[in-house]
Amino acid sequence: MTVSLRDSITNGEAPARPQAPALKRRWLDFGQQLDWRRRLLLGLTGWLLFVFGWYLAAHAGLASERLFPGPVAVMNALVDLFMEQGFLGDVVSSIRRILISFSLAVAIALPLGLLMGAFARIDGLLNPLLGAFRYLPAPAFIPLLLMWLGTGDSQKIALLLIGVVFFLAIMLADVTRQVPASFIETAKTLGGGRRVVLWTVVFRHSLPGYMDTCRQMLAVSWTYLVIAEIVAATDGIGAMMMRAKRFVHVDDIMAGIVTIGLLGLAFDALFRLVYRWRFPYLRGAHQR
Amino acid sequence: MTVSLRDSITNGEAPARPQAPALKRRWLDFGQQLDWRRRLLLGLTGWLLFVFGWYLAAHAGLASERLFPGPVAVMNALVDLFMEQGFLGDVVSSIRRILISFSLAVAIALPLGLLMGAFARIDGLLNPLLGAFRYLPAPAFIPLLLMWLGTGDSQKIALLLIGVVFFLAIMLADVTRQVPASFIETAKTLGGGRRVVLWTVVFRHSLPGYMDTCRQMLAVSWTYLVIAEIVAATDGIGAMMMRAKRFVHVDDIMAGIVTIGLLGLAFDALFRLVYRWRFPYLRGAHQR
Amino acid sequence: MHTASGLIIEGAGKTFRAGGRDPRVALEGVSLQLPPGQVGVLLGPSGCGKSTLLRMVAGLEEPTAGALSLNGRPVTGPGRDRGMVFQSYTSFPWLTVRQNVAYGLKITGDHSSLREGAVEHFIQAVRLQDVADAYPHELSGGMRQRVAIARTLANHPELLLMDEPFGALDPETRWQMQELLLGIVRKERTTVLLVSHDIEEALYLGDVVFFLSSHPGRLREVIRPDFKKDVPAGDREALLDHPEYRRLDMHIRRLMSEEGSTQGQPA
Amino acid sequence: MHTASGLIIEGAGKTFRAGGRDPRVALEGVSLQLPPGQVGVLLGPSGCGKSTLLRMVAGLEEPTAGALSLNGRPVTGPGRDRGMVFQSYTSFPWLTVRQNVAYGLKITGDHSSLREGAVEHFIQAVRLQDVADAYPHELSGGMRQRVAIARTLANHPELLLMDEPFGALDPETRWQMQELLLGIVRKERTTVLLVSHDIEEALYLGDVVFFLSSHPGRLREVIRPDFKKDVPAGDREALLDHPEYRRLDMHIRRLMSEEGSTQGQPA
Amino acid sequence: TRAAEPVRLSLFSWPGYGFWFIAQDKKLVPDLDLEISVIEDPYESFSLMTSGGLDVTSSTAEYGPIAADKEVPVKMVTYTNPSYGTDKIVLAPGIDSAEDLKGESVAVLVGGLTQIFMGIWLEQNGVDFNDVEYTNLIMDDAVGALVGGNVAAAEFWEPFGSHALDALPKATVAATSSEGDWIETALLGDAMYMSDAFLKERPEAAAKTMDAYFKAVAWWKEHPAEGNKIIAKHLGFPLADVEKVLGKDGKIHKGGIWVFDADQAGRFMGVVPGELPLGLSNGQISQHWETTTDWWLKFGLVDKRHPMEAGVDLSPLKAISAH
């Protein structure tokens, strides 16, 4: 029996509650999506709360103002550094070192990670080695680096490189391993040889994951900056902080920290931007 | 028409090639599975190659034996350290510091990561803050830590903690975000409230990922050890390396590096073991 | 039948507004009723909003228009009274079959059901007793789907929602699962609303079939295969041979073809 | 018909030996032939080894016994001559529809096909011209499946392998895809071996249906729906009404029930 | 003209070592090309000298006996300046005497002169050097430790001492390097080190390098204001911090350091005749060597006593003192 829609509705009695209350909305729930305005607002709130807490702590007498300056003092120091002491040059030097060393690290780690992730035998050969290497304390290599590379930039760059390259290789290999076998097999049955599959599928599929990993490891790189620039440093954020330390200018040190944090945030944002731009196909897939 | 199997085979002519050659096996192919024996063999090969390369490099006159000792000299130094100089005590101290600091880091980062990963609003509030914090150079905090925590262990532990806790929180949040919505929704329709879903699904599902992340970040912790133990150091692997540096005993420094590497490998192996043991359901799923 | 009894959907609509993109009207003005103890089947072309409707009933998706109620209680969120079996065999991989089935009772603190052996009962009902201690990854797709069904049933929901529950099973398993479902529905007097793509399944299982049309999703026709009263219960062959079955089958095929020809846009 | 022509499988067997666990015999002594231009359908209960057999033909899985050959050439690995459409709509998410379809031709350096518009041809054949520049995630499941089919066909394989290609589509899309496949097969004279769970599909598409039994997988019966010669091509209703169709349908249902009752072990 | 001969030298950022920059800026020895690196950790410099990667470094004056004992191929070539008040022992509030320090921890640079300073001061005040616990802290970190109440005493040079005293008004200064014995023995001070290879293979360059240093000192004494500015610029320090250590007038700066000129250094090292002001004697270095060796033996940093020749090489100083 087929009934038309109209029948079926008028057939039954009128439904009891024509206007039921809406779904309970909760401030915190799983899987919520926030638009960028809300994210910005929340992010700013978080930062403001932190700065306020810092202000309170600094003025609560936990330590002398000199040793634990508040946000205002640090801001002043920062302004002074940029205006009076040519801090911009230091910042540029540091960024340059980070970028060069990180590019080198990627250039070394990416082929290794790709091959390790793709081929179990290469992984078997290298993983135990690189896995141990990533535990190595980069600062312990300073004497050797000084000896081989001198006191110039290359030594600092090498230090930054050593600090991340092994982690990077291991983590990029982890990313590579995630490629679903079905993609590889599809490419094979379409006539793809090993090299073709490696590049057009394994590498290509992993690319967004690589970028994410690089974003995380770049942050690690920044934390090594201070160590790298202590040695034979003439310029750079770390060198400035070292000098400031000699005369207990904690406000300058904190200004350096703030600078690094802000640069870090900026790089993070840049990565995310490139990510959105280069990988449009990862956006807004509403499939569950 | 239905034909029995026998018919169909005898019906057609005898197939042309009864014994075709097997599938081409390649030494390197995607998705290969190696048994543990083969992995061990490959791993050892990798290590042997490395040690041999090191040997060659050390004896090729790239640098004086004193500054770049070969594997034999380092082994001797290591034996000497353990036998004559009570290095075991240093090693134990270092392990203790790492374990305490890392447990604290997990205790702080895990709730943060869980909540950030589960609830977009908490993420919006904290992510920009912690995201910036993870760029902070831990060594720059040494003066403040000394002031607040003294010269004892707590200061070193705090330094190790600061070095990893922000990374850990951000990365644990990333893991948490991976929980498929379908699991959460299933639990909700089974009557699970927010708290129940958080623990029995979100946390439980993320657990293996948490362990993996912790394994990676523990490695980072080890690389900070040297920096932490330089400050007001009395014992520990880093302190030993510091002392050795004073006398340009590079063989001892390298022995320290080797020790850290080996300890790292051991912890890695431990993590993997616990992983296999605690998460039997992740093993041997042959589904593609 | 009490007025406020069973599932009542009144003018439900859903418009998705994803960040920055055009709003997409998935459902519009859908009104339907499903009395207690009956099996309703949602049928319709891909993308017509069947899953969305089901999720709205489950309380997982908020309607942007209209109202829903079950047995007189308005739907304001997910709850134990409306159990859902998802298309994507979502059994928790870290729990064994037995733990999976017990999950709902555990988290809702239903100790009496646990004590009375509800878990073992439903494990047996879906015939998984041999693999009760296995993990889901050791099971086939059909078995995993049965775990999900047993877990939902053990919770004694008033309404059982199923999104293409048997879509990816082989025919034999599928038939078995259909029988199982009907047996349970009869025994427990559970109300069921399920999504199907299969006409035979819809006519075999459904007391009432709701055919949705797409772009936007609306209720196009309500089909009641009342002729099933004349056929001995569970006799599939007799059913398939019934002239009325064949007429409805053809009718639905025609509806589908009509809807199909209006498709072809990106989802 | 030349002896060595078409697909020939001779005594193929496969035993899985996963690390540490008991070896599992998935297939044993399967011998079959599929002449060029014909459509073979693999039917059988879940876990009987249909996918494994297909993967062996594709060269993705090594047989542990027996031999396979296509048009006289032994199967020694994957190759462009045997295109495969996987169950899990594997279109590359980072390529647009057009790029996906062109992928096989690009990597094999088949510039002549690219020049001659093979890509556009097959995009039109599967009616995706409107979404040729969309990414797969913007498409519905059926559309993604069509991308995979067009991509495989653009490569001009001698043998087209499909693992439950239409399993998760809604009926209307499914029918369309079946027509499409038959049309292409007739036009390009492609040999096809596909796995199906649907009896109607198997009988409608197959020139020959191979029914496998499980534990371990063996070839149980070869069914040739030769009566289709009497039915006008593409007339589904006439086909379904043919008495021989209904006999074979019942026969297969019975086979399935028999196999089903021997199931129930973890996969 | 010949190409300038390269000499690689290092220092850590401390005004007392800044004269190298004057030598470089003012091209005081034109046939040398001074390649100056700032290496904050002197031990890195010593190991770099071991490998031939560095020729000269400026550091504190305690490493001679250690280098001799541990066979580090580095020699002290001259003492360059005593500390004249920049170093002081600061006691935390509530600590009134050495006696009070028993069992407490004190912040020093283990293996540095300040540890000896503390040890001697304790013994002079009737407490065994072993009765306190030495906590190894660099100056920068010691301030925090003292302020936080985590060490009972600390040794500081300027500006750390003032900062510590600022932060802890009740803290007291127990000893200063400008007083009594401390200046008379010139225990605390800085020195110039050269690598064995440099001394052996390029003795002329070694002498010229030293000459460059003392010429810079001489120039600075003539132009103290400009000299301080050069130092501040190259070290990246505020001028005030430099003046705190070096003074403004190029003279002996009480509260800072006393920068030796070539002649004073020669007397101190015993290569030219004549006495020194402030109670220092000619050839004081021998006593310095013995004192530091004594204490490194006590602290277990060296295994045995070596003759001064094993750790000090006077040839460059002799060479420049000859004319």
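Chains: A, B, C, D and E, in written order; residue numbering restarts at 1 for each.
Just so we're on the same page, a residue touches a chain if its C-beta (ideal position, glycine included) is under 8 Å from a C-beta of that chain, and two chains touch if they have at least 3 such contacts.
Predicted model, so just to flag it, every value in this text is computed and none were measured.
Participant: Using the contact definition given at the top, which chains are in touch with both chain B and chain E?
Facilitator: Touching chain B and chain E alike, sorted by label: A.
Participant: Farthest from chain C in C-alpha centre terms, which chain would that be?
Facilitator: E
Participant: At the interface of chain A with chain B, does the proportion of residue numbers present on both copies reach over half, so same, or stay under half, so different?
Facilitator: At the contact between chain A and chain B, which are copies of one sequence, the residues are largely the same (over half shared).
Participant: As a test of whether you follow the contact definition, which chain pair has the most C-beta contact pairs?
Facilitator: A-B
Participant: Report the inter-chain centroid distance for chain A and chain E in whole angstrom, where each centroid is the mean of the CA atoms.
Facilitator: Here the centre of chain E sits 43 Å away from the centre of chain A.
Participant: Between chain A and chain B, what is the separation of their C-alpha centroids in Å?
Facilitator: Distance between chain centres, rounded to whole Å: 18 Å.
Participant: Touching at least two other chains at once: which residues of chain D meet that condition?
Facilitator: Answer for chain D, listing residues that touch two or more other chains: 59, 77, 88.
Participant: Considering chain B alone, which of its residues make contact with at least two other chains?
Facilitator: Correct list: 33, 63, 67, 143-144, 147-148, 180, 182, 245, 248, 250, 288.
Participant: Give the residues of chain E that touch two or more other chains, as numbers and ranges in rising order.
Facilitator: 44, 47, 51, 140, 143-144, 147-148
Participant: Quick one: which bits of chain D touch chain C in the complex? Just the residue numbers, please.
Facilitator: Per the touch definition, chain D meets chain C at residues 44-47, 127, 130-131, 134, 138-143, 167-173, 176, 197-199, 237, 250, 253, 256-257, 259-260, 263-267.
Participant: Within their complex, state which residues of chain A touch chain B.
Facilitator: So the residues of chain A touching chain B come out as 26-34, 38-39, 41-43, 45-47, 50, 62-63, 67-68, 118-122, 124-129, 131-140, 143-144, 147-148, 163, 167, 170-171, 180-182, 184, 194, 197, 202, 216, 219-220, 222-227, 238, 241, 245, 248, 250, 253, 256-257, 260-265, 268, 288.
Participant: Could you please specify the touching residues of chain D with respect to chain A in the complex?
Facilitator: Listed in rising order, the residues are 58-60, 77-80, 82-84, 86, 88, 90, 92-94, 103-104, 107-108, 135-137, 148, 151-152, 155, 161.
Participant: Once bound in the complex, which stretches of chain B touch chain E?
Facilitator: Per the stated touch rule, the residues are 63-64, 66-67, 142-152, 231-234, 242, 245-250.
Participant: Taking the complex as given, what residues does chain E use to touch chain A?
Facilitator: Per the stated touch rule, the residues are 8, 10, 13-14, 37-41, 44, 47-48, 51, 53-54, 139-140, 143-144, 147-148, 159-160, 163, 166-167, 235-238, 241.
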